[in-house]
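Lettered A, B, C and D in written order, each chain numbered from 1.
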Amino acid sequence: MELWYSQLQTDNIKFSIKVKEHLYTGKSPYQQIDIFDSEEMGIFLIIDGIVMLTSKDEFIYHDMIVHVPLATNPAIKKALVIGGGDGGTVRELTRYSSIEKIDMVEIDEMVVAAAKKFLPLTAGRLDDPRVSLYFEDGAEFLRNTKEKYDLIIVDSTDPIGPGEGLFTNEFYQNCYNALTDDGILVNQCESPFYEKNAKEMRRAISKINRLFPISEVYQYHMPTYPSGHWLFGFASKKFHPLHDFRPEKWTELGIETKYYNTDVHRGAFMLPTYVREQISRVEKSE
Amino acid sequence: MELWYSQLQTDNIKFSIKVKEHLYTGKSPYQQIDIFDSEEMGIFLIIDGIVMLTSKDEFIYHDMIVHVPLATNPAIKKALVIGGGDGGTVRELTRYSSIEKIDMVEIDEMVVAAAKKFLPLTAGRLDDPRVSLYFEDGAEFLRNTKEKYDLIIVDSTDPIGPGEGLFTNEFYQNCYNALTDDGILVNQCESPFYEKNAKEMRRAISKINRLFPISEVYQYHMPTYPSGHWLFGFASKKFHPLHDFRPEKWTELGIETKYYNTDVHRGAFMLPTYVREQISRVEKSE
Amino acid sequence: MELWYSQLQTDNIKFSIKVKEHLYTGKSPYQQIDIFDSEEMGIFLIIDGIVMLTSKDEFIYHDMIVHVPLATNPAIKKALVIGGGDGGTVRELTRYSSIEKIDMVEIDEMVVAAAKKFLPLTAGRLDDPRVSLYFEDGAEFLRNTKEKYDLIIVDSTDPIGPGEGLFTNEFYQNCYNALTDDGILVNQCESPFYEKNAKEMRRAISKINRLFPISEVYQYHMPTYPSGHWLFGFASKKFHPLHDFRPEKWTELGIETKYYNTDVHRGAFMLPTYVREQISRVEKSE
Amino acid sequence: MELWYSQLQTDNIKFSIKVKEHLYTGKSPYQQIDIFDSEEMGIFLIIDGIVMLTSKDEFIYHDMIVHVPLATNPAIKKALVIGGGDGGTVRELTRYSSIEKIDMVEIDEMVVAAAKKFLPLTAGRLDDPRVSLYFEDGAEFLRNTKEKYDLIIVDSTDPIGPGEGLFTNEFYQNCYNALTDDGILVNQCESPFYEKNAKEMRRAISKINRLFPISEVYQYHMPTYPSGHWLFGFASKKFHPLHDFRPEKWTELGIETKYYNTDVHRGAFMLPTYVREQISRVEKSE
């Protein structure tokens, strides 16, 4: 049977996955959530019509969002995850025995419930005793929290709909305030290729650059995201992701990964010229 | 108007580009050639239903296929291009004044004619005086040539149809024989992500590994190829692409590029764990 | 969200319905069954990837398969339905108080179970006391039955897969044998437009023509079937659908219909020239 | 190669034809014109993204728009075609030796030029000596003409864009005025099935009903138009398409047709109940 999920990655580019079964559909107060099963990508999660994760390539995203900051500063003890309702970021964090506390703030409880039911692959560690779940707006949480974190990970959807408040100046300032002096901020930072994504990337970088003494961007190959060339922002008060990186320390931890390794860590910051130029234009315009 | 070109990247993944105009269709003795114009990707070339290049992202492919070997050994004087009928690889090669001779062997004259007419962006330097065009089978050419090259670039389609003979043991052996002692072989090496492509990658690597003392794989972000994570093979008799790499020498040349830079050069060889593991399984099985 | 069910009506024609939800998927020993909900067509049933019925246009099919024979001979008392697992044909038959007995023979119990759950619109009358359900092969049932029917309706899928045995000479002969002297056979008879369907139409007509003194074809507008121009065969031992038609008798029954009326009855037999010619070529070749 | 033209027949229904070649694209002051070649439908014409005609099923449309009025009144001598730039309506009219004069008023000269080049099948009789072509707005032409016609055929696109003025009260009044006492008006009248088309059908009928003593609607099976169930309006000052129809007179003319015949003529006016009800609601609301 020809049943295809399609995403218009731009108005003129369409990416489609053949579907075996539509496992779940639900409309929360925030967004529409759909979960499908497929031959090629396994089970996959769609929010407001956009691919959030597929079972086949989520390891790339979650490896890169977690192991890059943790390998930069293996002493991280307290982590905050904003968004990330599928649980994959928390799963990777729980693999570090040195981490003592993980707060996860997800606005949409329905995403977590659906992931727990249909995506144990990512949601399976949400019940780790170190994890506290807060079902509230991440921007609001950061406005009010008195807590200080060594790591904040902004694992958000695109800056449209409920993810929008996670791309503002005030939000990044509140992240800064909630970080310890050793603190690192990692944020989902879109892509440099299609102009629609690149514009959002530049906006986010421009705001973060003004606040943090160290601000870098790193890349990874994400097959189901537009263009496959996707970025995270790395901002920090003290640690530089390359200069302060001690690969042997991370290797000693013995964490097995499918995408990340200490060479990929370095390579991820080696950006193509056209990406560098976008970033340096942002910096100059400040 | 809704006119879409689609490629089934696997049986269950479809990538589609909205078309403004179908500029050219032709059937050569070897393959079907189509050229389209589009809003998002500009003019793009399809061979046997598969995206060969688009105006928007061809710079990535051609930067990486040419500048990595040239930056490893800037003394390259004689280059052979197998395939590459669109002319993009030759275009990048002609930017090096140190190169004295470029032979290009393309089996299908119709591809070159169509590219000259509709893709001056890539085909514009095919009339450089250093370039000699041979319209014949690349495998046959290498079987018979007495010439020795410092660089052979296999800029081929997938190993199906006319590209098939460019993925055999005999072909790689003939490449080896036609290389000088300083010689480097770069070849289009598919992708690690979808099994269909990964199988071909492993087959090619396995054959090259047995012949060349130095054999590495490097990656790049290619939005219009399946998964966006694509590879080239780098094989050599003497030069190692990282150990023998002198970035300052390439920088002195003052060649402007949109994707390649000397950091990207290093980062491209930093392969994700799951790609490394595929390659090391190939090596062990030898 | 862009989720589309598509049917390749021919290798080169695709018909697609935007899906709201995939309500059911199941694989019986005979076929794959899927039920969807949609904005445009309401709930719709797919068997082996082909549209069987949609809530929006099923009334056309079921009106035309039942009311044409019943209006030709309002004295019909015993009816046999072969196939028709969705229940729509039975639903229309139960509206005639003169009908005393309806046997329905459906090979696939899973279709009936799924229709009862998700398509009460068509399946809602399967529990009428006059209805007996037999879950067995229709061809086998007719081979063995001692019963005589005034009406046999072959409400089958296309002659591929489980529907295949319902398009053979032996099957039509057994239909003939199981009919009373007043008996009428109505069968799903594909379409004249696309060659793939037209070939099956001609094959079925050719077989029926040899057996029945009266054999006609009638048409209806079925938006979700290939070309929208679809046919039923009408074969009979005695009653001619036009010459023996007494419209006023049917009108007296006061049955309300959305597609069928006594003018449509006549018009349905007024076939376009190219359809007539296909049928007369079949007749001449006998 | 997977190249598909798609038409969103409604927001939720998509009809797609696999394309072999995009033969022509042009933008006139009025609309975008595209011509394609295909395996299944042959050459086909798209205006503003909508299927106007395909080589495979245009005979149905042109048979029904011309032979129904001509068989009702074989004495027609002067005909006016509004729109119909592909030439198919004129082609059918020229087959009647009794017709002395055919005026065709097409707003868009580019459509006629493109049809002459790529669609000789329909445009091949535009140079008949009885034909006069006027490249101007049909509504404006009728506002000013002093001519009287026995037949006006409104062979228009949908009532969006340049076709819009051909669906107004004033336009129909001017048609009335330009008709002889024996005059017949036939107009493209959309479809009863999808609400989007049905609304336009009811609007057109409502306007015509008020002006003409005789106003009927007839149907035909048009595979490439939305739902495949398509309508023409028949309005007249004197002739009724059934009561005044003398089939034997038309048969004597010996005109060979692939769709139309004198039975189809009658059957075409036998409308399904749900179509009749739409029309009678229109009549009641006047």
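Everything below uses one rule, namely that contacts are C-beta pairs under 8 Å (C-beta built on N, C-alpha and C of every residue); 3 or more make two chains touch, one makes a residue touch a chain.
Owing to the predicted nature of the structure, the values given are computational and were not obtained by experimental measurement.
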{"item": "Chain separated most widely from subunit D, comparing mean CA positions", "value": "A"}
{"item": "Interface residue overlap between copies subunit C and subunit D, same or different (over half shared)", "value": "same"}
{"item": "Centroid spacing, where centroids are CA-atom means, of subunit A and subunit D in whole angstrom", "value": "57"}
{"item": "Mean-CA-position distance for subunit D and subunit C (Å)", "value": "33"}
{"item": "Approximate Å spacing (C-alpha centroids) for the pair subunit B, subunit D", "value": "54"}
{"item": "Residues within subunit D bordering two or more other chains", "value": "4, 14"}
{"item": "Full enumeration of touching chain pairs", "value": "A-B, A-C, B-D, C-D"}
{"item": "Touch list for subunit C against partner subunit D, complex", "value": "4, 6, 10-18, 38-41, 57, 60, 193-194, 219, 221-223, 227-229, 257-261, 263-274, 276"}
{"item": "For the subunit C and subunit A complex, residues of the former touching the latter", "value": "1-8, 14, 19-22, 25, 32, 34, 46, 48-49"}
